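Same chain, two partners: chain A is paired with chain B first, then with chain C.
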Partner chain A sequence: MADYRKMWSDLGMDLEKHDLLCEALPDAFGAIYMSQENRPEGMDFFNFVVSEIHGVRPAELIEHQKNGGKVFGTFCVYVPDEIIFAAGGIATGLCGGSQFWVAGGEKVLPANTCPLIKASVGARLDGTCPFFKIADMYIGETTCDGKKKAWEILQQEVPVYVMDIPQMKREKDILAWKEEIRLLLKRIEEFTGNKVTPEILAEKIKMINNKRKALARLYNTRKSSPVPISGKDALLVTQIAFYDDPVRNAEQVNKLCDELEARIAKGEGVFPKNAPRILITGTPMAIPNWKLHHIIETSGAAVVVEELCTGTRYFENLVDESGKTLDEQIKALAERYMKTNCACFTPNTGRIDDILRLVKEYHVDGVIECNLQFCGLYSTEAYLVQQKLKEADVPYMHLETDYSEQDLEQIRTRVQAFIELLEK
Partner chain B sequence: MTTKHFNFYILFPNHQEGLHLHRKLKEANVKCTISPTPREASSFCGMSLLIEEENLDMAAKIIKENNIKTEGIVKLEKKPSIWNKTC
Partner chain C sequence: MVKIYFTGIDIGSSSAKAIVLDETNKIVHKFILPTGWSSLETANSIKEKLAQVDMEYANGKFVATGYGRVSVPYAVKTVSEITCHGMGAAYLFNARDCTVIDIGGQDTKIISLSQGKIVDFIMNDKCSAGTGRFLEIMANALGVSLSEMFDLAATGSGVSISSMCTVFAESEVISLIASGQPKQNIAYGVVESVINKVISLCGKHASSNTSFYLTGGLCESNYIIESLSKKLGFPVVSSPLGRYAGAVGAALIAKSLK
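== the complex of A and B ==
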C-alpha cells in the first residue's frame, strides 16, 4: 500500500498520533458511506479522494511548491480563490471537521469555542494534518470572534493574512470588500512574486465559475423525486471540492452528473419516492463531519439540499466574466462574494429568503437547522429563521451539536420524531 | 447458525496500480468499488478495490493480462453497519 510516512515525516507531522486517524477513517467511512445501497458509480472518484486524503493531494501540493509555487490554506467561502490561482498559487481547504482534532485545540482555546475552530487549531498544533503543514500562508477572515483570535495563535506558526469582512451589506460595504480583495491581490502578488494580469484573472474566474456550475448541476439533480444521490454523497462531493484541483474536480462532478441525469430519466433513486425530503441549514460541515446526514438518512428521510457554506453558499451566484480590466474584475468578484448570506452580517434576511426559495425548488418537506455549539451568530439567527418558516408553514427543527458521539442517540430520537411528523 | 459474509479487498503498492485495475475492471464490466483500506487488511493508508467473491477469478485474469502489480487479496468478514460511528 502507498506509504506516505516519509512525506508526513518531512512535513514535521506527528506520525504516531496521525496514525490513529488513518486507522479510524476507513472504518468510519465504511460504516457511513460504503454501507449505502445503489450508490452512483461516479462516487468512486470521491471514494478514491477519501482513501488517499492525506496522500495524493498533499503530494501534488508539495510538487507545486518544488516548482516554485505557493499554497494558501483557506477557511471560508468568502476568500476569493480566483485571486490566489491567478497569482500562480493554489488554494486549499484545511482540516477541521473531526472530534479527533478538538482536544489539540482545547489546549490553547477556551472550551466554549466552536468545534470547527478548536479542530482547526488542534490539527495544526498537533501536527496531524498535512494541509496545515504544507500551506505557506493561511488566509483568514473576520466572520466571527473565535476565528479572529485563532488567527493570532496560528500566526505564531505560519504567516496569516486576514481579510476584513464587512458586517453589513450597504453600497459602501461592497466597496469596502472590493478594496479588501484588491489588498489581498497585492499581498499575494508580493508573496508569490507573480503579477496578476487581467488575462490570467479572467481565466481563473472562468475556472472557478466552472467548478460552481458543476456543483450547481449536481444539486439540480437532487430536485428530482426519487432523488438519484444520497445527501451524504452530495455532501462529500462538496466537501472534497474545497481541496481538489478545481479543473479535475469540475470534470469529475460533471461525470457524476451524467450518471445521475440518466438515473432521473429512468426514474431511479436511492430513497423511496415518498421519503420525506429534508433541507439542512446552519453552520458548515467540514470533512469528515457526516454526523447529521447519516442520522437523517438512516432514519427514513433524504437530505436533498444544504443551505450551508458546504452547500449552496459555496456555489450559488457566478462571477460576471465580462470584466476587461483588473478593476472591473475585482468589482465583479466583490459583488458575487457579497451575495453569500453569512450570519456574520446584520441584517441577514437574504439567508431566510434563500431557505424559503430552496424549500420550493427542492420540494422540501422539513427544515433542520443544525449549528455547531458556541456559534452565537447562527444560533441567534435561528430564532428569526424559525419565525419566518413558521409563517410559511414549513416544519422546522433546531439542533445544536458538536463532532462527538455523545449526543447521537438524543439527536436520533429528535430527528426520528421530526421525520414521523413529515411522513406522507 | 448465521451465515458469514465476506468482503474481498485487492491491495496495491500504490494508487496508480489500483486505478489501472479499476479502469480495466470497469471496461470488462466487472463490478468493483474503490474503498479506503481497512486497518485489518494493511497497516498503510490508501485505496484498495472492493470486489465480489464471484468476480475474483475474472479480476485475477485481468491482473495477469495487464501485468498490474498488487499486494494480494484480503478476505475480511463483513461487519454489521455501525450506524452511529462517526469519525
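== the complex of A and C ==
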C-alpha cells in the first residue's frame, strides 16, 4: 500500500491501532482470495481496491471535500444514493464487517447487539476506519432497534440524519416513503448548498441504474454451469460497489463481465460442473466478511447467488427513468426502493418469493440461510423461509454466526454435512 | 486370499472411536480412547493399536470423521460426523425412516433419515448448552460422576436450571448447592435442562418420523433414554454400540469407496 499515514493522521485516526488492521488484512485476503485458482483477470482491479482499501478511495473523497463537496455515509440499501449524488454529494457505504471493530462497539453497546452495528460503531469511536472519519454526515434509517439507538450514540460524534422506513408496504406506506425521500432531498440540499433539478436527478438515476445493470449482468453470468466466477469474487465485487465511484464501478464490472461471458462461451468455469450450487440468504455480509463463502467454497460447493443486501437486494429492480418532474422522479424512487424485501417489514413474503425464484433462475441445489447473531428479525423470519422451502422441496440449512473465527470449524462441519446431503 | 478391512475413526471432542468392518459389513473390532490433547497423536495411537491386534487392520482403508477428522493423515477421505452418524445409526438399528439424536461432547445433532438416506439435520448453536460437555461440567460441580448424576436425577424433582449458558448454569448450580438444595434435585434440574434443549431442537427439526434412536456417549443411560421418550411422546431406542455410530458410518463409507 502507498503511504497514507499523513492522510490518516490528519483525519484524527488512531494510527497505532489502525496499523494492526492494515497488517492483518493482506494475510486474510491472500489466504481467502489469492489462493483461488483460475480467477478472472478482471478481478485485478478489485484486488487493487482491496489492497488500497483505506487509501485510494478515501483520498478521492478528501479531494472531493477540498473542492467543496460533501460525503455521506450510508448503512442500508433503502437509502437512495441518487438523491445524494444529485445534490453534488458522494454516498459511501459504511457498514463494518470485521471482528476487529467489534470490541470498540462493545464499549458502548449491549453485548446482544448484532456484530454489524457493533463493528460500525466501533470503527467510528476507535478511529480505525478512514471512511467513518471522512463522512460529513451519516444517513441512518430505522430498519431495526439496534440501529435506531446506535444513531443516537453516533450523533454525539457526527451529524446523523435518520430516514423513517415504513414497517409495512401498503399504499400509504409507499407514499410515506416518498415523503421521506423528499425530506432527505431537502436536508441534503441544505447541507451541500446545492439545488437538485429534475435534469440532474434524471442523470443520477441513470448513473445508479447503470451500476445496477452492471451488477445484474455479473450475477447473470453466475446462472451458467460451470459457474465462471467464484461466489467469493462476486461477493467482493458487490461489497466494493457500495463505496467505489459508481461510474468507474459499472465500467469495471462490465469489463469483468466481458471476460466471464467469453468463459461461458468456451464452457470454462472455476468449479467442476457437478459442484453443488448454493444460494445464500439472510443478513448482509459487509466487507471484509467472507467467512461463509470461504467455508462453502473450500468444502466442494459453489456459491452462485446471494439473496442479501450485499447481493440481489442491492441491484434488482431499476428506477423508472421517465419522470420529468422532481415529484415524478421521487415517486419512481420510492416505488423502486419499496420493492426491496427486508425482514424489517411485516409481512415479508416477497423475500420468500424472491428466494424461490432465484433457486430456479440460478439452478440452485441448496439454500443456506445465515444470520448475524442477535438479528431477531432475520432469525425469526428463518422459520417461515424454512417452511416454504421445505414445501418446495429445496434443501435448506440455517446458521447463526458472528464475525469471529471461533466457530469456524463447527460451521464447517455443518456446511460439509449439508454439501454431502446434496451430493447424494 | 488377503482379507481387506475397512476402519472408521471418529475423533470426537472428548473420545475417539474406531470400528473395523470386514468385507461382509461385520464389526470385527472396536475400541474407544480419550481424545486427549492432540488429535494427531490419538490418530497415530489408533493405528498402532490396530497393528498390534492384526496387521491387516492397519493396512486397510480408513475414513475419518468427528471434529478431529482432519488430523488423521492415513485416512483416504474425511466425512462430516452428521453423515457418518446417520449412516451408522441406520446400520446399528437397522432403520430406514427414523430420527437420530446424537448427544455429543461439544454438539448435539438431530438427523432425519428417509429410506436409509439423510434428508435433513440440525445442530445446536455454538454454545455448549444441551451437550455432553455441559453434563460433564455440571457433574463436576456436583462432585459426582456422570452415571452417578443420572442415578441421582432419577430420584430428584422440582428444580429447574434457567441459565442456557454453561458458565452461568454452573454458577446457578453452585448457588443451589449453597442454598442447601438436595443433590438429587439439582441433578434432576441439570439433566432436565439438557433434555429440554434436545427436545426443542427436535421440535425445530419438525420431521414426521416416529422412530427415534439415541447415539453418542449417553447411549447407555436409561434415565436419559426414558426422559427423552417421555418428552417426545415416542419411544427412544439405543444400544451400547450407539457411541460408535459415527465410526460405523465412517467404516461403511470406507467400504463404499472404490
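FYI, the second predicted complex is superposed on the first by the 421 of 424 C-alpha atoms of A that agree within 3 Å, B and C clash if a C-alpha of one lies under 4 Å from a C-alpha of the other, contacts with A are read in each partner's own complex, and residues count from 1 in each chain.
The criterion applied here is as follows: contacts are C-beta pairs under 8 Å (C-beta built on N, C-alpha and C of every residue); 3 or more make two chains touch, one makes a residue touch a chain.
Keep in mind that what you see is a predicted model, and the values were worked out from it rather than measured.
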Clash-or-fit label for the pair chain B, chain C on chain A: fit
Partner chain(s) touched by A:A28 [first = chain B, second = chain C, both, neither]: first
First, second, both or neither for A:P58, with chain B first and chain C second: neither
Dominant toucher of chain A (residue count), chain B or chain C: B
Partner chain(s) touched by A:P40 [first = chain B, second = chain C, both, neither]: neither
Spatial angle chain C-chain A-chain B, Cα centroids [nearest 10 degrees]: 90
Contacts of A:D3 with chain B and chain C, given as first, second, both or neither: first
Partner chain(s) touched by A:E409 [first = chain B, second = chain C, both, neither]: both
Touched partner set for A:P130, first chain B, second chain C, both or neither: neither
Which superposed partner A:P284 touches (first chain B, second chain C, both, neither): neither
Chain B versus chain C as contact partner of A:G89, first or second or both or neither: neither
Shortest span in Å between Cα atoms of chain B and of chain C, once chain A is used as the common reference: 12
Common ground on chain A, meaning residues reached by chain C in one complex and by chain B in the other: 409
Chain A-touching residues of chain C, taken from the complex the two chains share: 67, 79-83, 106-107, 117-121, 123, 125-126
Complex interface listing, chain A residues touching chain C: 395, 400-401, 406-407, 409-410, 413-414, 416-418, 420-421, 424
Touching residues on chain A, where the partner in the complex is chain B: 1-4, 22-32, 34-35, 39, 41, 44-45, 47-48, 50-52, 54-56, 98-100, 288-291, 294, 298, 403, 405, 408-409, 412
Touching residues on chain B, where the partner in the complex is chain A: 11-15, 19, 22, 26, 33-39, 42, 44-48, 50, 71, 79, 81-87
